[in-house]
Structures are given as C-alpha cells and as structure tokens.
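Before anything else, here is the set of structures, which you'll find just below.
One chain, chain A, appears in both complexes that follow, with chain B as partner in the first and chain C in the second.
Right after this comes the complex of A and B.
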C-alpha cells in the first residue's frame, strides 16, 4: 500500500514537472481560465444588480455559491477531467491497452499521471469568492460550519471525479463517450445556480440521478440556513454523503465497464 | 520442461455490427442494429517453453494482436484457456504484469515531455525493482542498446529508432521472464531494425528471456525466432521451425545453371525444369536434403558448366506464395 501511494505521488510529481516545463503557457492558462469564469460571474453580478436577487439569493450568497461550486469542481477535475475526457481517444488509439499491461490500476494511473495544475486559476478564483462572501454573510466560524465547508468541498470534488469517471468508463464499452461530456457540462452549468429556481423535474434530477445539486447548492443552502426542497432536515447529511456515495457508484461502474472492455485499436 | 505459456483451444469472438446498404440502411442500423460474431481467434492451441523465441505471424486481421492481448491479460478468451507462468493472465493481471515485459511498436510507454531516464525511474518504482538490480540492468541495457547519448534527452526529441530501443530496454528493466513484442520494428530504418533484432536475439540467448514477437517483417522472425506460429482467419496454420515451414508449404530451392554453350536437353535427378533457355537453365529442387554436388553429378560428362547459383527461398517468399495461392483459389 505504501509503495502504491508513493508511486501515485511520484506520478503526480512527474506530471507537475512536465507542466512546469512550459511556465509561460501555464501562467497564461491560469489567467485565461480565471478570466473566463470571472466573465461569467460578472454577468451574473450584473443581473443581480438589476434584479436584486435570483430566486431570493442575493449577490453575496450567489458569490458564495459560485465560489464553492468552482472550488469543489476544480478540486475534482484537476485529477480527472483532462485525461478522462480523452478516454475515447485513449481507448480507440490503443493507449488503454498499454495501461493494462502495467502492474497498477489503470484508473489510478490515469488519474494521478494526469494531475493538472492548470486548475490553479479556478482554485484561486473559487477560494477568493468564498473568502470574500463568507464575512458578508455573517456565517459563524463554528466546528459545524467549518466541517460542512470542508466536507462539502471534498464531497463536491468526489461528485465531480465520480461523474467524470462514470462518463469515461462508458468509452470502455461503447468506444465513444465524448458526447456524454457535453450533456454533463449542460447540467453542470445549471448546478451553478440555486436548484430551487428550476422546475421540479430539474430539481429532482439534480438531487438524484445527476447529483450535481450536491456540488454547491445543497451545502451552501445549509450553511446559509436556507430550506432545501425535498431534503429538508436531511440536507446536511445528504451534502456530505453524496460525494462518497457517488464515488462508490463510480467505482462499481468502472469495474463493470472494465470487465466488458474488448480492446480498442489494433 | 513445463510450458511457460499455454494456449488450449483458445477462441475470441467479437460482435461486429452489420452495416446495411441503401438509403434507409444507416437509419435501420441506428434503430435496430444487427451484429454478427467474428472469430478473431478460433480454437488455437500451443505451448511455449521457457527460453524460446517464437514469431507469431499472420496477415492483417488474422488474430495476432488479439492473441497477444489475451496472453498479456488485456482481454479474456471467449472459450478455451490461456496460462502464462501458470496463471490466468487476466484474472491475475497485476501479478502477471510484474513478470512480463510488453512492447507495442506503435504505442509508446515513455513519458513524452520528460528525459528518458525519468521513464526508467518510473518503471523501477512501478515494478518495484530493487535499487541494485535496477542499477545493474540499467547499465547493461543502456550499454547494449547504446542509449547513453540520449538518456538525458526528453523523449519527444528522440527519433523513432531511439525511442524503440528505449522502449525495449525499459520493458526489460525488471527482468521479465517473458517479453511480448507487437511489431517492434514497424517504421524503423534498416540500421535501427538491425540493432533491435541483434539485441533481441542476444537477450534471448544470454538471459534466456522467452520472446513472443508479432511482426509483418519476416526478417525479424528469420533473425530472432527459430520457431514460427502462423495464423490466418483466426486459425492456426503452422507451428514449427522455419525449416519445417519450407517442407510444409512445399517451398523449393531454385537452381540456376549457366553453361559456356547451349547444352541441349538437361536433366537432373528429381529436379523440375523451371525455365531458362540457351546457356541458362533453371530447376526447382525438392527439399530432400541432397547435397548440391550429388545433384550436379547427374550432368552429362562433357557439359561445360560455368556458374551455379542456388537460391534458398526466404520465409517471406514461402508465406507470400502460400497466401497468393490461397487468394487465387
């Protein structure tokens, strides 16, 4: 176990080194991504300055939600998105076969060898928004709120990694999965907003089969003391357990697909 | 001796979608796809002893790569069993991976952006190679494959030949008992191919590493593998030595005789005339191991023989002839 962990950490270090070889490109990526997100958040801020609230959520509350969402997503995506989004190329090009002849779990190899520090821009922006909004919202610094903040972020990261893993695993069986990422990101964009503003079917979807509502809306609503539809008093425990449950589902789904893998190219 | 690799009645069946023609074909394919079974590997059996070097040969789509994938644990057979080092390679994939080396000619396992030595170091950690063994193997392999000039260079700056040498060296860094090579000389120039072939031959001879090689380049097999397994349409066509291949496929030596002047009718015992006129005559000789001198002794006493050339059919020629005869049939 210790050897495996040390190997995975070494893979991450190698990956970071390769990224640091191109420092200018890395800085530009950080800035571009942070500005890209900041542009979207600015448009939401403009809407709020005109209308006051979105579904009863004020700008500081929305800023907290957006920051939490960006931070949780970045923590999960930095381990998974870039490499697993390429999964159909990895499968069809035969690269996945080369992973199966190594004495290591292929998912672990992909995830840790693809650790992406280019999410630095997301993390800075997300953490900055949370840090700015927290005092504005007068959320008390208690053990409960701190645990919910940290646990909620870990849960959000796990949801992100799990959803990306599940979609990528489809490529093992279907050969193609890129279009599923398009659908995932459509729902992911919705999950930036309070789920309560959507029609009931969307709310149910975001709180069940596509659990992106737990990425930010549920934990932030609990921290803000706002009611959460359908979950009520279970919202806090649901926010914390959604990530681990998604991870378990992703683990079994990946194994299911891996068992049915029939090779790619050649 | 116990077989290090055993395949018993191995079959692999894939489902392939049948494409329908006509204007509505694609729509029908989408709504009600129809699939048919394709036997990529069809009831193949063989044993490989420790220390053997075996060429696995066949045309495109013959099932070579599928068999290699089953032996390396990438795929499971649909029927039959494969055993590598006494294990089921897919069920015990990680254990199997620790004791085999795999080189894919068209897919790199090196880290593109980093110096070559970093890929070796990663390999050491991944295969848990003790430091002393790693140092010794690395020194040996770097020297044998002449890697020292570029070991500190990022892999993306290496030529294809340099990369392939590095891939093979890396695959041997953990002292694997078996080395699987899937088209290792593809795309290499003549010099690089020669280096790779000589190296593999040496590794097989000196270290006793079992080698299984698939290739399109039959010279690879002639230089590295005394034993050849030939497959076609998923079925085993031939398993034996190259000499036995010549006998099995009826390949005959070609004898060219050149005389000082037209000798008239020339007859050689058990040799089939195969053309030529005037001073030059061609014959096909049966593979009966008779010495050339014995054959030539049948010539008339006064025949003014100037030159004799004996052409041994290469493995490529034998197999090409076989496949061409199959296509024309």
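Right after this comes the complex of A and C.
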C-alpha cells in the first residue's frame, strides 16, 4: 500500500514538474481561465447591481456561493477532468487495454499521472471571492463554521470527482461518453446559482440523483443561515456527507463498468 | 463558391451523424434556458416590469440569446485552430484550393445552421410553449432581426477566427479561448442586456463590435429602437464585420509566413 501511494505521489510530482517547464504558459492559462470565469460572474454582478437580489440572495452572498462553487470544483477537477474527459479516446484507441496490464489500478494511474495544476486561476478567483465575501456576511469564525467550510469544500471536490468518474466509466461500457460531459456541465452551471430559484422538479433533481446542489448551494445556505428546501435541519449533515456518498457510488459504478469492459480498440 | 457550399454541407452532415448527441444537446439547451429564465424570474421577483423592461421580454431575450445568438460554442474554433497548428495539420490545409480562414468559416456556418435547425429550434419551441415567446415588434423589425443575425454570425466568426489565428504566435490556444469567453460573456450582452449595464460600461460595450453578437439583434427583435436607428446600427455592425474580415485576411497573410513544413 505504501509503495503504491509513493508511486502515485511520484507520478503526480512528475506531472507537476513537466507542467512547470513552461511557467509563462501556465501563468497565462491561470490568468485566462480566471478572466473567463470573472466575465461570467460579472454578468451575475450586473444583474444584482440593477435588481438588488436574485431570489433573495444579495451580491456578497452570491459572490460567496460562486467562490465556494469554483473552489470546490477546481479541487475535484484537478484530479479528474482533463484525465477522464478523454476516456472515450483512451478506450477506443486501445490505450485502456495497456493500462489494465500495469501493476496499478487504472483509475488511480490515470488520475494521479494526469494531475492538472492548471486550476490555479480557479482557485485564486474562488478563494478571492470567498475571502472578500466572508467578512461582509457576518459569518462568525467558530469551530462549526470552519469545519463546515472545509468539509463542504472537500465534499464538493468529491462530488466533482465522483460525477466525472461515473461519466468516464460509461465509456468502458458504451464506448462513447464525451457528450455526457456536455450534459454534466449544463447541470453544473445550474449548481452555481441558488437551487431555490429553480422549479421544484429541478430542485429535487439537484438535491438527489444529480447531487450538484450540494457542491455549493447547500453548504453556503447553511453557513448563511438560510433555509434549504426539502432538507431543513438535515442540510448541514447532508452537505458534508454528499461528497463521501458520491465517492462510494462512483467507486462501485466504476467497478461495475470495469467488469463489463470488453475492449474498445481495434 | 461551390467548394464553399460543399464544405458547409459536409459540416452540416458531420454534425447530423451522431443522433444521440443531438438529443443530449437539446436537453443541454433546455437546461441552459431554464437557468436563464429562472434567474430573470428570481431577479424580477414578482414585478411585471422593472426599468422599463418586462419579464416577458426578458424571457424572450433569454430564449433567443441562449440559442440562436449563443456565442459559447464559437470559442471552440480557437481550440480547433490551436490543435490544427500544434499537430501540424495546418500543412495539409495550405494545400487545399481555399484559404484556411474561409474553410473555417464554411465549416462553422455548416455547424451553426445545424445548431439552429436541430438544436435551437426545438429548444425555442419547447421552452416558448412553456414560458411564452414574444413575436417580433413588427414585420420590419423581424426582417431587420434576420439582417442582424447575419451580421452577428459574421462578427462572431470573424472574431473567433482572428483569435484562433493568434495561435500561430501563442503556444497555448487554450488561454486564448478563455480570454475570448470572458470578453464575450460581458460585452456581447448575451446573458444580461446592455440596457441594464452601468453607464460607463454600457458606453464601452456599445463602442465595441461584440454587442452586435447578441444585444443589438435582440434589441431589434423586441423593438427597443425606431426603424431608422435600427438601420444605422445594422450598417455599423456590417462595417465592423468588414473590419474583422480585413483583420483576418491581414493576420492570415502574416501567419502563412510563420509556417515551416518539414518533411513530406
């Protein structure tokens, strides 16, 4: 176990060192991605400057929500997105067969050997928004709030990694999965807004079968002391447990698909 | 011209190959429009009209702005151009009997036509029947809207190809793609109409060509200005499209000098 972990850590280090060879390009990528997100967030700020609130959420509250969402996503996506988004190519090109004969779990190899440090812009923007909004929202620095903030971010990262893993696993059975990422990102965009502004069926979906509502809305609503539809007093525990539960579901789904994998290369 | 049309048709057919993907993209379009409409309904908060704009108008703005006039996929051109240059496929593109930017334009028009017919139209029909879609202000405004859509497409494609061609000098096209997304998110008025912007930012947005991508066509559709003013603004948009076309031609002529083909 220790050897496996040190090997995975070594693969991560190799990847980081490779990416750091082109530091200027990496810095430009961070700036560009932060700029791209800032443009979208600026549109939301423009609505709030004119209308005051969106579903009762003010700009500092929305900024906190957007920052939390971006941060949680980046922490999960740096381990999974770029690596597993090309799962379709890996399967159809026969590369997955070569991973199966290596003395290492193929998921772990893909995830750690492709560890992506291009999310620096996301992290800086997300952390910046959270740091800017926190003092304006009068959220007390207590052990409970700090644990919920940290635990909620870990949970959000796990939800991101789990959903990406589940979509990638579909490629093992279906051969194609890239278009599913499109659907994932459409719902992911919904999850950057308060779920309470959507129609009831979408609220239920975001809090159950597509658990993206737990990425930011539920933990942030609990931190802000806002009521969470359908969850009520269970919102806090749900926010913290959604990530680990998603990870368990992703683990079993990956194994389920792997058992049914029959080779996709030609 | 026949080669151009052949490329348009080929791109259209290529998009039509994956039928399951079409259904998924329609579903994605429905989700995106739902998000936009929900935001505006929440922002209006029960008021029928705010700042002289009604909720019904904003629902129509969201429906058309998020489908026919969406700019998100145009950023993919930058990614494609970057990949063509990085993989060296640009060498074979130079052998074809058409300039590379014109080829890109033809392919993108094919993709856009496909999107309009098989993705945007179903989404507009479904969401319009649920939330309501306002008709154009008048027949003249409808005709002007068609002209604006052509100008919008020309400016969007011209800008995307121009940014894509910068990949000849910039190592990572991925960064260009994100810069373009950020610019278009704010300055095209695709999500938030420029009439809601603070004055300073609105003046900047009006002075740049990006507002012709979504804001001006939708303002024309909703009849926000009189016909004479609309015609003048449409002509200005056509001028911007011409400027971008010249810029693309200039950058392409300089980019060709950058290409070194090794081996055969």
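Basically, the second predicted complex is superposed on the first by the 266 of 266 C-alpha atoms of A that agree within 3 Å, B and C clash if a C-alpha of one lies under 4 Å from a C-alpha of the other, contacts with A are read in each partner's own complex, and residues count from 1 in each chain.
Note that in this section a contact is a pair of C-beta atoms (placed from the backbone, for glycine too) under 8 Å apart; a residue touches a chain by one contact, two chains touch by 3 or more.
From a predicted model like this one, the values you see are computed outputs, not experimental measurements.
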### Message
In the overlaid three-chain picture, which partner chain does A:193 touch, first (chain B) or second (chain C), both, or neither?
### Response
second
### Query
Can A:25 be said to touch chain B (first), chain C (second), both, or neither?
second
### Query
Should A:98 be classified as contacting the first partner (chain B), the second (chain C), both, or neither?
first
### Query
Should A:3 be classified as contacting the first partner (chain B), the second (chain C), both, or neither?
first
### Task
Look at A:263 in the shared chain and tell me whether it touches chain B only, chain C only, both, or neither; answer first, second, both or neither.
first
### Query
Thinking of the overlay built on chain A, is A:14 touched by chain B (first), by chain C (second), by both, or by neither?
first
### Task
Would you mind checking which one, chain B or chain C, touches more residues on chain A?
C
### Message
Once chain A of both complexes is superposed, is A:51 in touch with chain B (first), chain C (second), both, or neither?
### Response
second
#### Entry: Of chain A, residues touching chain B in the complex
3, 6-7, 10-11, 14, 17-18, 21, 93-95, 97-98, 100-104, 261-263, 266
### Query
What part of chain A is in contact with chain C in the complex they form?
22, 25, 28-29, 31-33, 35-40, 42-44, 46-47, 49-51, 53-55, 179-180, 182-183, 185-187, 189-190, 193-194, 197-199, 202
### Task
Give every residue of chain B touching chain A within the complex, in rising order.
14, 65-66, 69, 72-75, 93-95, 97-98, 100, 102, 104, 106-107, 109, 111, 113-114, 118, 122, 125-128, 182
### Task
Using the touch definition up top, name the residues of chain C that touch chain A in the complex.
18, 20-21, 24-25, 27-28, 31-32, 34-35, 38-39, 41-45, 50-51, 171-172, 174-179, 181-186, 191-192, 196-198, 201
